[in-house]
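Consider the two complexes below, in which chain A is the common component and chain B and chain C are the respective partners.
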Partner chain A sequence: MNDLIGVVDWSRAQFALTAMYHWLFVPLTIGLALIVAIMETIYVRTGNERWKNITKFWMTLFGINFAVGVATGLILEFEFGTNWSNYSWFVGDIFGAPLAIEGIVAFFMEATFVAVMFFGWNKVSKGFHLASSWLTAVGVCLSAMWILIANAWMQYPVGMKFDPAQMRNVMDDFFAVALSPVAVNKFFHAVACSWVLGGVFVLGVSSWLMLKRRNIEVAKDSIKVGSVVGLVGILATCYTGHGSAVVVSEVQPMKLAAMEGLYEGSVGQSIVAFGVLKPDAEKTPDDPMLFSIDIPKGLSYLIYADGDSFVPGINDLIAGRTITAEGDTVYGQSYEEKMALGMNVRKALADYGMAKKTGDEAAMKAAADAVAKDFDNFGYGYLESPEDAVPPVGMSFYAFHIMVYAGGLLLLVLLVTVWFAWYRSRYLEKTWFCVIGILSVAAAWICGEAGWVLAEVGRQPWVIQNLMPTNAAISGIQPSSVQLTFWIFALVFTALLIAEVSIMLRYISRASKSDIATNH
Partner chain B sequence: MLQAYWWLLIAVLGAALVFLLFVQGGQSMLLCKGSDIERRLMVGSLGRKWELTYTTLVVFGGAFFASFPLFYSTSFGGAYWLWMLILLSFVLQAVSYEFRSRKGNIYGTGVYDFFLAFNGLFGCVLLGVAVAMLFFGGEFTVVRDNILNPAAPVISQWAPTHGLEAIVCWKNLLLGFAVFYLARTLAALYFINDIGGEPSFTAHMRKRVFTNGLVFAVLFVAFLVVLLTATGLRFVDGSFVAEPYIYLHNLLSYWYLAVILLLGVVAVLYAIFRTTFSKTWRGGIWFAGFGVAGVVCVLFLIAGYGGTAYLPSLTDQQSSLTIANSSSSEFTLTTMSYVSILIPFVLAYIAYVWAKMNAKPLTAEEVEQDAH
Partner chain C sequence: MSLLNRIAALYVDGFRNMTIGRSLWALIIIKLIIFFAVIKLLFFPDVLATNYDDDASRADAVRQSLSSER
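This part shows the complex of A and B:
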């Protein structure tokens, strides 16, 4: 059992490490791909060589970043097999499909046309090169779409049924998987967030150029494009973020409670605008905050568009408690009851196996029916106590709030930047604004990473919501093996990140000393 | 039927991957003796194609996951170290082309060239070992009911060595090194096709085609002898039974596969010999490429068709994997089959772009200019 826990913890750490590094590079790839394609379009439409050289400048930065994103992505895909082998069998029938489609539809598109982007300037026509840049931008979005569909399915498993004969889930509705509300929100949220990072990255680098008084006109023109992409991105991020929260309240109410640090829900639930959780908040569920600034009825209004609605807290969900519109307290299924149902399903599955061995078809059918009836609670059968179904509250709470603060800041910065870039360009050169532009890059990265921490930590202990806890999803390997690969990857990814940053800084510095617009 | 179709697609992807390993073969030459300009030409040439190999590997994994999830679960989770070493080598490759000649890359060009060479050697050999396991098996068990036990829920259990035992198995290594020398042969053929204006470099590559091709031919013949005399497992009447010469039997049962194998081998040998003895012929890569693709397809197909265990268990015969007991459901395979209709379009645009980008031979001047 200790080995099991060790493998689970190290496998989670390894996956988190890979995913977090991956998400440092991927959103920049998605965002810059769009910006580069727009810049090249300006070049092709105007025929102005200046825009060609500006495009090449940003394309080089895109290329430096692209490689590391590709590298970390490979590990992520294969880790489902190497570290989560039980998961791969239990839901591979559903989960594998988006990954394969991602490869066939998106990866080849990226790999083929990115080579034309980099090496095709003198080999293909202007139009074909431009098409390649756009196809690369589309390819990276398609790639994101399929992996996000896969991730969304883990959070909201739909379009499948359990097959007791094979002891696994099988897909029965592809479109339910591909078009689930979680998937749709997640895709637009993540891609829009990537556009924000791309836009803010352009703003940050351009601000540095202006701070150094080099290539000022190039910087201003770049900001014009980048800030618009960023602003569109942040508006879409806010809209889809709200949509995501509403969907979370329906399909993962425990995550919503954790991200608000809400133990005891209420009618007209307030939202924490700013606050600090008590270290042992679970012991004082009525007053979990050390201090906080609340917006009265904010959470009820945001989630249900009704300031008087009831939002359940962690303890309400565990107890199955809710308060109706009439103010009555009603008890539904508690987590303890769900655990009992989950264990019943396990027992029915064991009965199914016995009946299959003896060829008793009537008993097999009875057992299969029992499994189907309560399968929605299968995962609860693995829990030792109802509290095991509560995610790390502190991490979810702070990740959510950091994401919101960073997102709010970026909205403000991008609004101002667009205004400056298009109507008051002299302000872009002000030192204070350049500093804000550079610091915004960090805010965009923090925002994205915090979002993923919330998405993945907030859904614990489930690897598949309600169906499979993380500790049942693992491979049969020794903790020491995973520990070793964790440190190897930590070392390699960190070394690559340092190299990437160093190369980027050196390139920007060197290019800034020349005339980027004329490439001399 | 659907399972057979998807095994065929896996075979085609595997074949494409082995052909595209010419990138790794070329990388393995980077640390060999040669001038700096030759090294830059090789990197410049491979740098335009490495992503195709990499992507094919990713798609190969994704397609395996979607169509045969029990293989994904058993082999990847079981032969942990084998796959992790493969992945590590490819991670190091992915950044090296972009970083090696960039200022500020911290570790120096030599380190990135070492990464490329490391991927060139280990990527080829270990992928060969992984494919060889489809014939010579692994030490694992599969007990699906384990998932009902919260204390020990893992259904696929592998030997504690987790893939290291496969790496030191001489039969697996035989194929591993055959793949390595094949990749080097293909790389030399590709350089001859892609790089122009460097007669001494081309002449050097023609010699390499011969020497590497010769070693490959010897290793491959030895592998074929071992394979065709091997005993495998076949699923008959509800259980697995050992069958001597199973792959030879499969080859004879599917006679057209034997013909493709033969034609493939002849095409590869033709490419090697004509390239070696001609001073001007540059088309060897295509003969060798199609030959290799045909041979690899056949190897995959005789591993999986006819109820053959494509991943035999050396620990518990009845845990072995066939395309029937390890596949996705009919619904998923059908859905994925619709998606597979896109594959010809994908191949078409790859071929179109390849033709456009390789229309003129790569020159040293172009490599110098392409500091994108």
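This part shows the complex of A and C:
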């Protein structure tokens, strides 16, 4: 058992490490691809060579990030096969199909059009080059889309039937998988968040140029484009973020409760605007906060658009308790009952295996029917107590609030930046504003990473919501081997990050000493 | 020049005239070698594909694993 915990924890840590490093590169690729395409559009429409050179400057930074980030996601697929073999088999083609489509279509689309972007200047027509830049921007979004669909399915498994003979989930409705509300929200939320990072990255680099008093007009023009992309992105991020929270309340209510540190829900539930959890919050469920500033009825209103609605807390969900609009307390299925149903499925699976060995077709069918009957609660059969279904509350709570604060800060900065860029450009040169611009880059990355921490930690213990907890998904491998590869990845990815930052800084520094607008 | 020749020329000229791209390609190649020739080969076997010969026995192994007490 201790070995199992060791393998699960180290494998989770390893996956978190590689996914978080991967997400340093991906959103910048998506964001910069759009900005580069917009800048090139300005060049093609105006015919102004200055914009061509500005486009090339940002395109090179896009290229550096693309080159360093490309294939970092492959590591995650290695981990599926080695560390998470039960999971990999169990998800079947539902996970494999989107990843395969991503690999074949989007990667080759990117690879083709990225080549035209970089090698095609003066070799293909302006229109074709511009089309390639836009198709690259679309291609990187499509890449992300398939991965996010696969991730969304883990959070909200739909569009499939479980086959106990194959021990796999078989997709029976592609559109239910691809267009599930979780997938749609997740895709637009992640892409919009990437536009924010792209916009803020342009703001940060341009602010550095202005601090150094180099290429000031190029920096100002770049900020005009970057800030608008960033502002549109942050507004879309807020909108889709709200949509995500509403969907989470429906399909992962435990995550919603954890991200608010809410143990005992109530009618007219407030939302924590700022707060600190008690270290042992679960022991004082009536008052888990050490300190908090609440917005009365805020959570009820945000989730249900009704300030008097009931939002369940962690303990309500465990007990299956809810309060109706009429004020009656009603009990549905408790987690203990779900655990019993999950256990039935496990037993039925064992029966199926025995019947298969003896070739007893009738017993196999009976066992398969028993599996299908309670399959929705399969994962609960692995929990030792109902409390095992509660995610790490502190990490979920702080990740959510850090994401919201960083997002709020970016909204403010981008609003001001758009105003300055288009109407008061002299303020862009102020030292204090340049410092804010540079620091905002870190805020954008923190915001995105915190969002993913919330999404993935908040859904624990599930690797597939309600169907498979992490401890059932794991392979029978040695913790020491996972520890070793954890440190290898830490080393390799840190080296890649250092390489990216140093190549970028060198390029920015070198380019800034020339006239970017004329390329001399 | 035929279309294929023009496409080939685009890539050949592009690679030949690279500046910063050379170090990026070096980085990509080193990275892929580390990923596939070292990490994947030495540390990340596909557990089910390695230990079982066919899909039926892999399914049996997963069923056994998921239905037994852990």
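The rule is simple: the second predicted complex is superposed on the first by the 511 of 520 C-alpha atoms of A that agree within 3 Å, B and C clash if a C-alpha of one lies under 4 Å from a C-alpha of the other, contacts with A are read in each partner's own complex, and residues count from 1 in each chain.
Simple rule for what comes next: a contact is a pair of C-beta atoms (placed from the backbone, for glycine too) under 8 Å apart; a residue touches a chain by one contact, two chains touch by 3 or more.
Note that this is a predicted model, so its numbers are computed, not measured.
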{"item": "Clash or fit, chain B versus chain C on superposed chain A", "value": "clash"}
{"item": "First, second, both or neither for A:332, with chain B first and chain C second", "value": "neither"}
{"item": "Which superposed partner A:116 touches (first chain B, second chain C, both, neither)", "value": "both"}
{"item": "First (chain B), second (chain C), both or neither touched by A:296", "value": "neither"}
{"item": "Chain B versus chain C as contact partner of A:75, first or second or both or neither", "value": "both"}
{"item": "Contacts of A:94 with chain B and chain C, given as first, second, both or neither", "value": "first"}
{"item": "Chain B versus chain C as contact partner of A:67, first or second or both or neither", "value": "both"}
{"item": "Touch count on chain A, higher of chain B and chain C", "value": "B"}
{"item": "Which of chain B and chain C A:164 touches, first, second, both or neither", "value": "second"}
{"item": "Stretch of chain B, among 58-66, 76-84 or 184-192, that runs into chain C once the two complexes are superposed", "value": "76-84"}
{"item": "Residues of chain A at both interfaces, chain B in one complex, chain C in the other", "value": "1, 4, 60, 63-64, 67-68, 70-71, 74-75, 78, 81-82, 85-86, 88-90, 115-116, 118-120, 123-124, 166-168, 346, 349-350, 353, 382, 471-472, 475-477, 481, 485, 488, 492, 496, 499, 503, 507"}
{"item": "Chain C residues within the chain A interface of the complex", "value": "9-11, 13-15, 20-21, 23-25, 27-28, 31-32, 34-35, 39-40, 43-49, 55, 58-60, 62-68, 70"}
{"item": "Chain B residues touching chain A - in the complex, by the definition given at the top", "value": "47-49, 51-52, 54-55, 57-59, 61-63, 65-67, 69-70, 72-78, 80-81, 83-84, 87-88, 90-92, 94-95, 97-99, 102-107, 144-145, 147-148, 150-158, 160, 162, 328-329, 331-332, 335-336, 339-340, 342-343, 346, 349-350, 353, 356-357, 359-360, 366, 369-370, 372"}
{"item": "List of chain A residues in touch with chain B within their complex", "value": "1, 4, 56, 59-60, 63-64, 66-68, 70-75, 77-78, 80-86, 88-90, 92-97, 99-105, 107-116, 118-120, 122-124, 128, 132, 163, 166-168, 170-172, 174, 346, 349-350, 353, 381-382, 471-472, 474-478, 481, 485, 488, 492, 495-496, 498-500, 502-503, 505-507, 510"}
{"item": "Chain A to chain C touching residues, read off their complex", "value": "1, 4, 60, 63-64, 67-68, 70-71, 74-75, 78-79, 81-82, 85-86, 88-90, 115-116, 118-120, 123-124, 164-168, 346-347, 349-350, 352-353, 356, 382, 471-472, 475-477, 481, 484-485, 488-489, 492, 496, 499, 503, 507"}
